[in-house]
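Let me begin by handing over the structure; questions about it come next.
Residue numbering begins at 1 within each chain, and the chains themselves are lettered A, B, C, D, E, F, G and H in the order written.
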Amino acid sequence: MDTVTLEGTEYNVLAKRPESLTDKPFTYCPGCNHGTTHKIIAEVIDELDIQHRCIGIASVGCSVFSYEFFDFDFISVPHGRALAVATGAKRMRPNAVLMTYQGDGDLAAIGTAETIHACNRGERVTCIFVNNAIYGMTGGQMAPTTLLGMKTTTSPLGRDATRIGWPIKMSEMLSPLPGAAYIARVSMHDAKHILKAKAAIKKAFRAQLEDKGFSMVEVLSNCNVNWHMTPEDAVKFVKEKMTENFPLGVYKDVWEEEKAAKQPKKEEG
Amino acid sequence: MPMIEILDDACKGCLLCIPACPHELIHNTKAKLNKRGLYPVEYVDPEGKCTGCRLCAIVCPDVAIRVYKEVKKKSA
Amino acid sequence: MSDDRVFMKGNHAACEGAYRAGCKAYFGYPITPQNEVTEYMSAHIWEHGGTFIQSESEIAAINMIMGASAAGARAMTSSSSPGISLKQEGLSYIAMMELPMVVMNVVRCGPGLGNIAPHQGDYFQATKGGGHGDYRLITLAPNSVQEMAQYVYDAFNLADKWRNPAMVLTDGTIGQMMEPVDYTSMPWMEPPDKSEWQLDEFQDGRKRHVLTSIWLDPADMAVAHEKLIAKYDKLKKEEVRYSEYRTDDAELLVVAIGSPSRVTHSAIRILRQEGLKVGLLRPITVWPFPYSAIREYADSKHVKAILVPEMNWGQMIEDVKLAVLDKKPLHFVPKHGGLTFTPEDLTEPIRAILENPDNPDTLWRVS
Amino acid sequence: MLLEEYIFAGFGGQGIMTIGQIIAYAGMLQGFNTAWIPSYGPESRGGTANCNVVISDELIGSPHTHHPNGVIVMNAPSFEKFEPMMAPAGVLVVNTNLVPQRSERDDLTQVCIPTADIALEVGHPVLAAVAGLGAFVATRGVVEDTYMEKGIDWALPAHRKDMLELNLRAYHEGKKAAEAQLKKAAK
Amino acid sequence: MSDDRVFMKGNHAACEGAYRAGCKAYFGYPITPQNEVTEYMSAHIWEHGGTFIQSESEIAAINMIMGASAAGARAMTSSSSPGISLKQEGLSYIAMMELPMVVMNVVRCGPGLGNIAPHQGDYFQATKGGGHGDYRLITLAPNSVQEMAQYVYDAFNLADKWRNPAMVLTDGTIGQMMEPVDYTSMPWMEPPDKSEWQLDEFQDGRKRHVLTSIWLDPADMAVAHEKLIAKYDKLKKEEVRYSEYRTDDAELLVVAIGSPSRVTHSAIRILRQEGLKVGLLRPITVWPFPYSAIREYADSKHVKAILVPEMNWGQMIEDVKLAVLDKKPLHFVPKHGGLTFTPEDLTEPIRAILENPDNPDTLWRVS
Amino acid sequence: MDTVTLEGTEYNVLAKRPESLTDKPFTYCPGCNHGTTHKIIAEVIDELDIQHRCIGIASVGCSVFSYEFFDFDFISVPHGRALAVATGAKRMRPNAVLMTYQGDGDLAAIGTAETIHACNRGERVTCIFVNNAIYGMTGGQMAPTTLLGMKTTTSPLGRDATRIGWPIKMSEMLSPLPGAAYIARVSMHDAKHILKAKAAIKKAFRAQLEDKGFSMVEVLSNCNVNWHMTPEDAVKFVKEKMTENFPLGVYKDVWEEEKAAKQPKKEEG
Amino acid sequence: MPMIEILDDACKGCLLCIPACPHELIHNTKAKLNKRGLYPVEYVDPEGKCTGCRLCAIVCPDVAIRVYKEVKKKSA
Amino acid sequence: MLLEEYIFAGFGGQGIMTIGQIIAYAGMLQGFNTAWIPSYGPESRGGTANCNVVISDELIGSPHTHHPNGVIVMNAPSFEKFEPMMAPAGVLVVNTNLVPQRSERDDLTQVCIPTADIALEVGHPVLAAVAGLGAFVATRGVVEDTYMEKGIDWALPAHRKDMLELNLRAYHEGKKAAEAQLKKAAK
């Protein structure tokens, strides 16, 4: 553990900036969980000691500059196509650790086909899917994950299912695909859940490192600015409304399945 | 004794750390503007209540909180 | 005759050219008339240590190629017209990130679904940039099975030399036909080292590599632009390629590419027997385009008129016009619908033009 | 200058494409420039399939043949389509098993042989096309047998090499049948 | 001054033009700098009896528009550069099926992700066809908020008149700025009757309608091609539009579109005060392009040189060159990266050119 | 019922060409179930008496010329985009009956995003999805639905999950989306199943006519030519292998759900 | 009595109707070529076994089978 | 010829965009050609936001202003960026609540007022920008108050019309503060 000496006393540093982040401060809005998510990803990468093997795929969305914050090789790619790019890179560099970082517009609207087929092929890549129920970068338009009734700049009267459909649940949709090794939905609304999220992200990278298949962690996140809320209210909204619509949990866990398959079937009674 | 440090220029004043601290040691004082033009929160712990639980740091989106814990000197 | 000739389809030969150039990734989606590429790759790229994926779409394919190229591999995709349209966004990104890769368009007849007959309706798309923003693809136009292999091979080398995407632009005829190919001019090669910029798992002890095409500040973007422009200017000076056939005394110069250039060959043979002085200048790189070579003929004393036959409604002829300007009369003979030229389609108008260089039947004007 | 332009036509699946490739390949071995091109696409589904072959001692212009000087028609619709396109002095091989029509043109050499019957005699219905090819070479003797035989071998995939013998026999039977007919006609 | 002027953003005014033209369908996907279109449509098209869908992608949007147009409605989509690249396949189909519709490109800076500043890098894509096959979009280039409304309105009428897709090609500046708009020239209108060809639920007693772009037989496709060509030829004769400002005595003719044409205006005012004779010819239709109008100036005695300023590396200038040929020296002033022109960017080179019409600093040559 | 007089005897005509088909004979290969599927669709349209309200969307695949066989308004659209085109047309013509006719390459590969989002929006359109596990038109390449081990021209050694993923199950993927009103998978392998298929197709159109939402019938079909089988063997393959991998059944039935919702919950016991 | 008619020129000889008929009334005789150049199947029912069950017509992909049933004359 | 070119700059959310639109709209009512354009995009997130306004009695060339003759800076980074760009004889309004810098240029008219303080006095912090606008018009008196007042009304959305009174007061308070300062300077 790092130590530091402050005013003559020596301290262990319990929380500090992870190695896998650059020095550049995040440019996200105050309270935005893109930062939180970046941080725990970087911690996981530090802990797994894979920083110098990681290749990041930055998608188009507020996180388009994530390559400025993560300290490893990176490429910024067209909107929605992160998992196709990751596929191409991983196939050429099976020893590299591939991470895509994508928003809901990116992954679940324009990138729907790339997402489903990368998962279905069981590509050995790890996808961090930040679901904030809105298009942040372009200024608050409706996302495929926008909750019913939620007002956005393109659903000014609130999202209405009969005109524009229902919030789409990607973890549920992807987890039945045999290519999926690990799929979980986590939330950023408090410290406990952030720690859980971190554990999930670690498992997702492990799925890749152990060559199990495709892994994705769907991170429920806030976009307080475009939700027109204070960060505190936005986090509360995540806790109450987002998790209600997008139930948290592990949707696919290849290790559990392997365990179950190995265990002799329990007799009844 | 554990303690935290708020990196003033990294803090964006989102206030998410305030409810995270079980001992209410972080405050929105608006006492100073940082170089971003934002009001960083302030850590006030005269009684040394901080347990080094790291909860504030975990919720901070901008990695603006460092948490320290005194090194226990091994008795020789 | 060399004993090394094998008899192959153009689409298959293209794959062999790629293997010899060290291509390690092919990602593509079926479409006629280039299915043989996808199929041959799926069967054989593994033997050369490469990987094949039939992608879920052309868009996925071009983006997979982006990833493979970024990871340092020689990578190729191919399609035909509608599928190439879908790749335009990806190509624009690839060009701005200066990623080397090869894309082949075995052009079919458009617009829309059209048909699967050979055509040249995608010339503008290939040479002026079908995607958004200013960028250029180094574009080679083979007209034989031999050249399908050779130009795919060359395209990989040019792409790496210039860190620029390269296109092989051909038509259904060249892709579908079988001819003898001699591979001696395409020795098996190792792709060049790209460890200077590629994304890989060996980052320990080096600076990280970042590939991007976004510069939010226009002043920064302008720098990126100017770097590209400088590269293109250099490319235009150094890489123009064309071939000539009986042009030295030609009174009529034909400028043609792809399968029409082959028919032109036949037509010239016929006409030369009649004593008519006809020659062919065939651009091999259509970008960069051989403007000055054509301009020299336009300036020459012996050339009286210039003719462009295209299997479209007039695209390359605009580039020829930019070279010829008003120096000599310019004529156009089109072929529509996927119909192919016969030598007679050319001999007749050529005879007429040689009688009257301003023959109005084929004279082409900007309008 | 030698300029041979052939169209071979019939149903999809009759082996039309292959016999075109064989003669083009054989022509290459003999030292010529050769080209082969299919009429490709879904329109051939259930309808007619055909391929073009060009053999020349000069650079080949178009592989597409608009006025062939050699044609094999293996089914009736192909006769309708290609017989009228033929160049004068061309050679036409008609598969009498499936083509009721006969050319009335007097500027063509017409050979009519029952390719399916020959194939069955030799031992397998798939041999009909090769029999037709034999008949064609008998009539338009540009490519020599040694090369044609190499071509037939080349066209057989590795797991079908056991069929080589049969194919060669069908080729020569077709050729013989045509030669007999030509001899008769010459009289 | 009319009292009817309202103060609006260009992107909003475009929507108002569409409503007045009877547009009943808008399908689109967000992208800066045209988000205001999608947003304004989502809020207001319902009031005009229309429907809005935020599609899952630009590709879905263009295909939804295809459906709406086939069903007889006036329909519009919009995007900015990368999103427009994705629409190319769809546009090619729409053009071949001769479906009327309007697509707006509020161009941003490319290639790749680039940035969201105004740019003109998509000129070739718009005018030469970014999709596969030979087709053309009637392309109007507004340079003010007033024209954003007007040309969207006009585009609908032209699209229906010619059964051809129409594009409104503008740049981020024009889309983002607010200016006064007067709608009196855009009366509310009912779209024309399309019951002759539209797909609908009233098929009883009539022949069915089929819309397709596939003709497998090249001979059939050729007929379809020739029909299109004839239409385009007619369009070129009848629909060319451009505007002129102080051109009658101009010694230097500037040809510019979009926001650079506005800066040219300012520059001309400055230069005229100095007594320098400068004029502006502004193509309004960039396809069909006003070749002959420009050629007339090139032929005129008073014009000594022609200048094209573009926010790209030189695209429209190729069309200008095709008009001017070698008749007068042609000059180019580019602006890169999304930076915008200042009047000084133009006044300085113009002064230099008027001193020496062959001034090598800005002289443009085909290469 | 139609009657006809043959050699003096008057007969009722029990089976004949439906009205909603043109006179043009199908150009499909002998034994291809595209024909069978066309026929039963046309019968359903006849029976529902909606022929003159139907708008068909022909996708790119062997059925690209379906507009020559169905006798109502039709449009042929880009590969994969049928449901987007149908959406646009239906929104403008809510009283028209929209049908897309799509192959597996079209619907489940290039058109994945359009399929999922049209379903998710609950578009009132009916999608006939012909799953023949291969790309027919282009000559037998692998489809997203190709079974594991199946040899195609682009999986010459047989489809291998680790390289190219698993056969994708669209009915299963779409049916959880709230926009789906009726989703069923049927098969063309014998008369009994063809009749069942017809009933399903009728229900799918009814879902549209009753404004319930999106409807799709996945039709397991043969492509004997590209499977390199006789029609009889191909049909057997559908019966045995295709249905094993793609279980038949109704995956979503809005009427059943409505009924269930209305019924008072049964007491236990 | 019910009976079927095979439309020779519509039939593509796929043979799917043969196993469909419970009474084995359809046969692959290859007796004639139709205008497509294909062998249509033949319906042979000397004993009048056809029940008009329509199974053959249902499986026929090419709508090449018509099924007829004698009209029962209502007794006056 | 009248050619007014303004840049108003500050944080996102301070109301900078709106005050630009107000004066451009008011200028239109007064009979001028006017144009407004934002500096748009994500770079403004948390950074500086600014808009350009042009008012002219001629056709307006570019709405982009490179040498403004009127500037309002509502925060410190904006001062750094725009003060040096200003045309000679321009007018600069500095929000002293957030901008510590002062221009040293002697070719500008500088007015320094505490817009936030004025806003709070009037009754609401959001009024700071309008107060700044008042100060600006006091100094660069091209657009008249009657039109400015209509502009302020126009800019308020329907559900915020109750704020009109407060906005007008803030505008006039800002104007007064500036006039006082100008008078002092004039002495």
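As a working rule, a residue touches a chain if its C-beta (ideal position, glycine included) is under 8 Å from a C-beta of that chain, and two chains touch if they have at least 3 such contacts.
What you see is a predicted model, and the numbers here were worked out from it, not measured in a lab.
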item	value
Chain hops separating chain C from chain A, counting only touching neighbours	1
Chain pair with the higher count of C-beta pairs in contact (B-H, C-D)	C-D
Whole-Å separation of chain centres (CA-atom averages), chain A against chain G	61
Length of the line joining the C-alpha centres of chain E and chain F, rounded to whole Å	41
Gap in Å, rounded to a whole number, between the CA centres of chain H and chain E	34
Whole-Å gap separating chain C and chain E, where each centre is the average of the chain's CA atoms	29
Interface hub residues of chain G, defined as touching at least two other chains	12
Numbers and ranges of chain C residues touching at least 2 other chains	32, 53, 56-57, 59, 82, 89, 93, 97, 112-113, 115-117, 212-214, 216-217
Chain D, residues touching no fewer than two other chains	41-42, 46
In the complex with chain A, residue positions of chain C that touch it	24-25, 27, 51, 53, 55-57, 59-61, 63-73, 75, 89-90, 93, 97, 199-204, 208-214
Sites on chain F touched by chain A in the complex	109-113, 116-117, 120-122, 144, 161-166, 168-169, 172-173, 176-179
Contacting residues of chain G [partner chain F, same complex]	2-4, 9-10, 12-16, 19-20, 38, 52, 54-55, 57-63, 65-71
Touch list for chain C against partner chain F, complex	29-32, 35, 38-39, 42-43, 52-54, 56-58, 82, 112-113
In the complex, chain H residues that touch chain B	11, 46, 75-77, 98
